[in-house]
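Residue numbering begins at 1 within each chain, and the chains themselves are lettered A, B, C and D in the order written.
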Amino acid sequence: MDKSSPLSLFFSAKVRTPLWLATTAALFAATAAAQPLAGAHAELLQLVDKDAPHWQQVSRQIWDFAELGYHETKSSDLLQEQLKAAGFKVQAGVANEPTAFIAGYGEGEPVVAILGEFDALPGLSQQTVPTRDPIRAGAPGHGCGHNLLGAGAALAAVALKQYMDAHHIAGTLRYYGTPAEEGGSGKVYMVRDGAFRDVDVVLHWHPDDSNAVSNGGELAVVSAKFTFHGVAAHAAMAPERGRSALDAAMLMGNGVEFMREHVPSNTRIHYIISKGGVAPNVVPDLAQIDLMARSPFNTTLKDVWEWIQNIAKGATLMTGTTLDVSGIGSDANIVPNDPLATAAQKNLQEVGGYKMNADQQKFALELQKTFKMDNVPSLDTTNQVEPLRKFDPNQPAASTDVGDVSWNVPTIGFLTATFVPGSAAHTWQATAAAGMSIGQQGMVVAAKAIALTGLDLLTDPSLVQAAKDDFKKQTAGRSYYTAIPADQSPPLNYRSE
Amino acid sequence: MDKSSPLSLFFSAKVRTPLWLATTAALFAATAAAQPLAGAHAELLQLVDKDAPHWQQVSRQIWDFAELGYHETKSSDLLQEQLKAAGFKVQAGVANEPTAFIAGYGEGEPVVAILGEFDALPGLSQQTVPTRDPIRAGAPGHGCGHNLLGAGAALAAVALKQYMDAHHIAGTLRYYGTPAEEGGSGKVYMVRDGAFRDVDVVLHWHPDDSNAVSNGGELAVVSAKFTFHGVAAHAAMAPERGRSALDAAMLMGNGVEFMREHVPSNTRIHYIISKGGVAPNVVPDLAQIDLMARSPFNTTLKDVWEWIQNIAKGATLMTGTTLDVSGIGSDANIVPNDPLATAAQKNLQEVGGYKMNADQQKFALELQKTFKMDNVPSLDTTNQVEPLRKFDPNQPAASTDVGDVSWNVPTIGFLTATFVPGSAAHTWQATAAAGMSIGQQGMVVAAKAIALTGLDLLTDPSLVQAAKDDFKKQTAGRSYYTAIPADQSPPLNYRSE
Amino acid sequence: MDKSSPLSLFFSAKVRTPLWLATTAALFAATAAAQPLAGAHAELLQLVDKDAPHWQQVSRQIWDFAELGYHETKSSDLLQEQLKAAGFKVQAGVANEPTAFIAGYGEGEPVVAILGEFDALPGLSQQTVPTRDPIRAGAPGHGCGHNLLGAGAALAAVALKQYMDAHHIAGTLRYYGTPAEEGGSGKVYMVRDGAFRDVDVVLHWHPDDSNAVSNGGELAVVSAKFTFHGVAAHAAMAPERGRSALDAAMLMGNGVEFMREHVPSNTRIHYIISKGGVAPNVVPDLAQIDLMARSPFNTTLKDVWEWIQNIAKGATLMTGTTLDVSGIGSDANIVPNDPLATAAQKNLQEVGGYKMNADQQKFALELQKTFKMDNVPSLDTTNQVEPLRKFDPNQPAASTDVGDVSWNVPTIGFLTATFVPGSAAHTWQATAAAGMSIGQQGMVVAAKAIALTGLDLLTDPSLVQAAKDDFKKQTAGRSYYTAIPADQSPPLNYRSE
Amino acid sequence: MDKSSPLSLFFSAKVRTPLWLATTAALFAATAAAQPLAGAHAELLQLVDKDAPHWQQVSRQIWDFAELGYHETKSSDLLQEQLKAAGFKVQAGVANEPTAFIAGYGEGEPVVAILGEFDALPGLSQQTVPTRDPIRAGAPGHGCGHNLLGAGAALAAVALKQYMDAHHIAGTLRYYGTPAEEGGSGKVYMVRDGAFRDVDVVLHWHPDDSNAVSNGGELAVVSAKFTFHGVAAHAAMAPERGRSALDAAMLMGNGVEFMREHVPSNTRIHYIISKGGVAPNVVPDLAQIDLMARSPFNTTLKDVWEWIQNIAKGATLMTGTTLDVSGIGSDANIVPNDPLATAAQKNLQEVGGYKMNADQQKFALELQKTFKMDNVPSLDTTNQVEPLRKFDPNQPAASTDVGDVSWNVPTIGFLTATFVPGSAAHTWQATAAAGMSIGQQGMVVAAKAIALTGLDLLTDPSLVQAAKDDFKKQTAGRSYYTAIPADQSPPLNYRSE
């Protein structure tokens, strides 16, 4: 047993079956009763409903914790405890990330994994009221609803486990506690460490303001800090003795601007000058550009990223300065999976949305007044399910480290209406909804859709096979790329640097 | 009588004689005894020597206070008290600057003014030891030796007053307590407020690492913060909705770089990006350039400054942003005065420098080890007086608000060796020397040279006249310019903004 | 009759019916025999086939003329003569363009117009051989196949006129001879002059390498020369006296690069520095940027264009230079029309493509060897018709002044395979095919599709109405925009400037 | 004997005495009569006056030829013939420059060389009239007066030779016919080829608008064409496939602008964009910057030039383009020589200037009206000699390949008033004066001053020694630098490229 690997509990070097399950595996193997689908779904949905109040409360506790990436200690511990209590076996500290964990149940194939996140965002602290009112000004808040994400995924896992138990369903179910999605690329290190290497299908969801299947998409992103080092000099007395790091940063910026015309249309490159000199009468010996580059296509981004590195090097040549590139983050785009999307869409439609009650409506209408939108969406949105969308690289999109998982395992996701329709993520409006009943109701929709799809996968080998075939097709001729250097450890303090 | 003016004590609207002296003027008027020059100088030098220990102690107290610009309350109070005790009448709070003051003695013409400064510099706290060792890390320190400057000027004033007293010399002697020379342009507001309007000649000095007359020179400087305001937007989702303030700052920078070829050779323009965006995934709606422009010629600088304003405006046009320019500082270059320089040189040579004792030498040699210089100057430098230098606009130079005084009144200055030879101003090495006997001895050299020159002016009307004639010649066809807007108040909190 | 208008022959100030038809109108009015559609189409196609050889010869003559924009005198004259000979009445010199003309036949509504172009491109002279071999090096050539365009459109018009004649079809048929499509915006001035004001539907086509209906699309474009004027000076002796026009051009370029991030994704802005100084030892007093901006949306382009003007102004402010903007060209994007597209698709499919004979295949295969392509398309392409494509703003596209017509009249177009599959327009390969049987066969396909669609429009008022209704829908809330100043005359010498 | 060297006629591999003189040397060796200085000077001046009309006519012929650099065939031939006729032995085609030659007379040490130039400037054709009136518009003209330079230097050489002859003065006298001073760096290749390796002192002069000794100065200059190569692409259809050479040129320009702050104040860098793209709808695959860099100090320029190369390389990295640097020109600054300057000043004062006659004055006053100057200098200037100026690196200056000679041999020069006072070089006004009596009279002043100084050198070994000693001092610790690559041949067609 390799003590150095936190995954040793789960994986032996040679066999695919996690070691810790080996002794008990015989108890359940291959005894799944063939319950008719409709009845199975109904029973599973009841299991979700039964446990929903408990996990809604868990979601609220995590909302109260509001911990930033890689420091989600209390949130991670709470989820681990609850999953242990529900009968899962937990391996903590995966991939050198103290708050990453894997909770597993069952044995054998298929291995179905559900992703859970729980990190908050800086500065988005907010009461559960429809006007801007932070609990503590400047403090973190769950403006992306990851409190719901982690708890809802766990609710799905627990309900599914109960059903597996009851019906002796074979196969392995896992919950992946994945830290630091927001800029910390937590899952990338887990992928690198092999945490997903025996998984057959990954299910995930994300809070949103409508109900939909999310089949591929998002933007691949790479980010880093480009720090230039020059030579300080008195800018009035002897500017000729100085070598300006700020000049380098500005010329790098210029270079990036000139590059824009010559990259594919939907590429995004955006940056700030995070350090631009200390005093105007000193030639700056230190300057820094904090930059992100994105593309709907991971492979395109690889080329773009290499070009940007060359621009930075060019800037050093132009200015007699030196460069270091640090804090590299990287999320891949999400690979679509059409058979999984079809199955997911069917299940989401079966679950349906939810109708807001009078109090929720009052809250929502009040909150919508704070939007600066021409056409505020109807509150009925929460009660509808969008038709399955075709992947469109031109749609505005954000980024997530779920992408990196999806380049390694067939992956499908859901979006559910946890935010008041019209809300954008990363806003106080999202924080507010994520802490109260609207968010919690949307979370249950997600848990149900995940549980149903998980059950389909556990009981229908052809669906798993179709997912794998499509994965091969979608990734044919392309290979997974992450800009994160092989020797870079998870940036545990990226939020405080 | 204009009640709004803090100068009302000194000036009536119509008469040139300060009111507060009117009652006592008759006592001394026009009774100056015609003592032969050599004897007069000797006697005056003795008076300086007598009071030197007291004012050296004052300089040390101010060194201990180490107060930043416009907040030199204790330093200013101490100087005021001591000058009052010596028989000067003091008017405090001049030109809306709480720590500015004028201490006056005597009556009638000529009016000879001596300038005193007393502000410290941020971050230069240092023990009086020859290795880097702050009293309090990050705290202010007298790295430009203004503790010596203010005290030494007062020593000159007090000795001269005693001599005037003893010999019934007519004329008016003033000490100007001038705050915030370091970036606060304190004297500019005093000039604007008319504080120098009846002065015939101004004498000043500055700590340095050698003994010399300073006849004109230094660079005119203008500085300001250019703040651009744009429209924030999610940089990945909707960059087309953003208008980037950082783009404006960068284009302003580019514009300035392209400008460099087309301004006179010794123009200096240097800047930092003091605010360059907050997060790379948001189009920055705020960015700031903190910029200084300098020239040996005030008039050239005016054109340069107008051009820079146009560049900033051009950057807003290019980016759909808006601009505000704030925190404008401005120092003029120093107008030379050749007759005064000749007189000053003669006196400085009469005073001579000073020879370091064994302890001072040990300290100095130790401290020189911290210089990164190829040719460290000899310690004998402190005992020498440099020949009168011709003004050379190509010499490296700094800036001072003494320049603004010099565009309005004939002005001459001294540099004396208060720092260990080879020291640069604005360093911990300068702070160290300014707090111990080396600085204090150099200070006495300055006080003596000022006192002698003051006496020459008080007793030789032809010198005053020659100074005035030369002033007219030097400024013919050019007019005083300050970039500080007429309605801008002294930026009392510029150090904390 | 307003003598100043070249359109006076066609339009009276008050009535919609062209005056020149008024006397003969009674002969045909409203006597159209209701021939069954299938028979009608078959007969009309025969009429096209009958006259095809003649017009193929005309196309070859224009190919031999190879005249540049606004100087297509021989080409225009030839087409006018032939149309007159076929019974059309011709008005020449429309819209102050000497080579523009309108050929009309028939009377009353609907007014159906067919567009014909005939300008060549500089430098694309080429023999009808499959390897690069200019007739005259550097001379113009029909690299966009407009010789086919103009002749094919006339073939359609003449055949349709014969059918109208034979069957007493009411309505007005027009052929618009439109010069200088390649960068001269010839149609924009015709639109401005009202030449299309009574037209109900416009039909057009363009040579291509496959057969398809072209429903909307292309990029709106604006182009202009930005000329900066500065002050020359010896760059070594007195650069401070110079004001660099080149600096202005470079800063305008920089400004444009910074702008790219903040315009919609499919905007295109591209430029050259057409004048960048004469000698490196002189500060340039003249510099010029020749710039084009494009967008799938005319309205977006308007905003972009205004921004670019501001960037140019900003560059003058930054450099103390002045600016003039000249040679403004402007083409709008093409407004789609779905009912027309459906009708056009049906007809194109009815016509079908054509199969190359052995000689053509030999030529084509030889020519395809000169392509640097990974996947050269099959020669069967000429025999296929593409399914109706949905408008996609993200598709690569070029620009045409047909766009300006389409913002004023419902418009539909065809592309037919006149070039060897895989050819790009504006190449010698295109010139070669346009001068021989491949191009001429593709031209007949276009003529037939136009003729059939024209007949549909002349005989089916509901199709005309549907086209008009859809036009209203497609342009609702948006208005036609051209960047060409109202007082700018057609730039008759734009090719020689 | 190395047959490959055009200098073989002059130099053996081992002995310093030119071979061609070896046979006749004995005739004159060491028999110089010791004529008293005053008489010697008077006699020599008469010799100059005697031959002046002839050489003035030669100067006019060369003015008529007006040949550009490296193509001065007729001018060079004429001078060679005349010098041969006067008894000089001529070696043509020196240093692979067809129009370079060395004319020699005498034997042994010292070797005194006089420089002659004869190239014209493009576009400066002008009649000898005081208003702009070209002989042939656009044709070359002697706007720098090199027709006078070459003829005047020959006049000095011939007169001195006659004096040497008459008085049996030992030593070697040479005339160097040096082509392509204007941008062709003709002398640099001659220096490189060893043409000056046995010379003791070099004398030269240059037409100007006043009479003065020129002791050092001028700016070292390096120039080159930076050509960037990218990848063309349709700028609207596929800009992402293009790599823009223009972007590289613009970023190189930006880099140079940012560099300006960090080079010594009197550095000059100036450039044009000589190729900036062909059509705005094509991503430019070719762009070119034509750049010159200058400094009063050759050594500074070396660093600057290396930096500029790095900027160009940085621009390629930033844009994915490639670079070639071609057409490198390089002139060094002129090393001062104080003993020679003192001797030269004495002689120039002895010669004095000349007073314009009435016709010349009329012409001059008329021509001065075309100046745009505030203070036009007096016509008396031609009759005055300026006091010896101290070298001032801050004075505006131009560049010359005399500099390269001066880094290898002690060198001194004269400026004489050949142009109407107030004229700038490289103007039609200079061309006009260089073709008529004003220029021709100034030329004789130069010839006399050179002849006298040459005689001093030939007869006073201590002056030669002092010149050599000072040369060592002035160049101590610095070494000659040329940016011209060792394998670059003279760019014989640089004017037509």
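Note that a residue touches a chain if its C-beta (ideal position, glycine included) is under 8 Å from a C-beta of that chain, and two chains touch if they have at least 3 such contacts.
These numbers were taken from a predicted model, which means no experiment stands behind them.
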>> Centre to centre, using CA atoms, which chain is the farthest one from chain C?
In response: B
> When A-C is set beside C-D, which has more C-beta pairs in contact?
Replying inline: C-D
>> Based only on mean CA positions, could you tell me how far chain C sits from chain D in angstrom?
In response: 58
> Roughly how far is chain A from chain D, going centre to centre by Cα mean, in whole Å?
Replying inline: 71
> How many Å are there between the centre of chain A and the centre of chain C, using C-alpha atoms for each centre?
Replying inline: 49
> Touching two or more other chains, which residues of chain B qualify?
Replying inline: 235, 239, 250, 254, 258, 261, 265, 270, 283
>> Touching residues of chain B toward chain C in the complex: what are they?
In response: 235, 239-240, 242-244, 247, 250-251, 254-255, 258-259, 261-265, 283, 307, 310-311, 313-320
> Mind pulling up the chain C residues that touch chain D in the complex?
Replying inline: 219, 221, 223, 234-239, 246, 249-250, 253-254, 268, 270-281, 283-284, 287, 290-292, 294, 396-399, 424
> Which bits of chain A are touching chain C when the two form their complex?
Replying inline: 254, 257-258, 260-261, 265-266, 269-270, 394
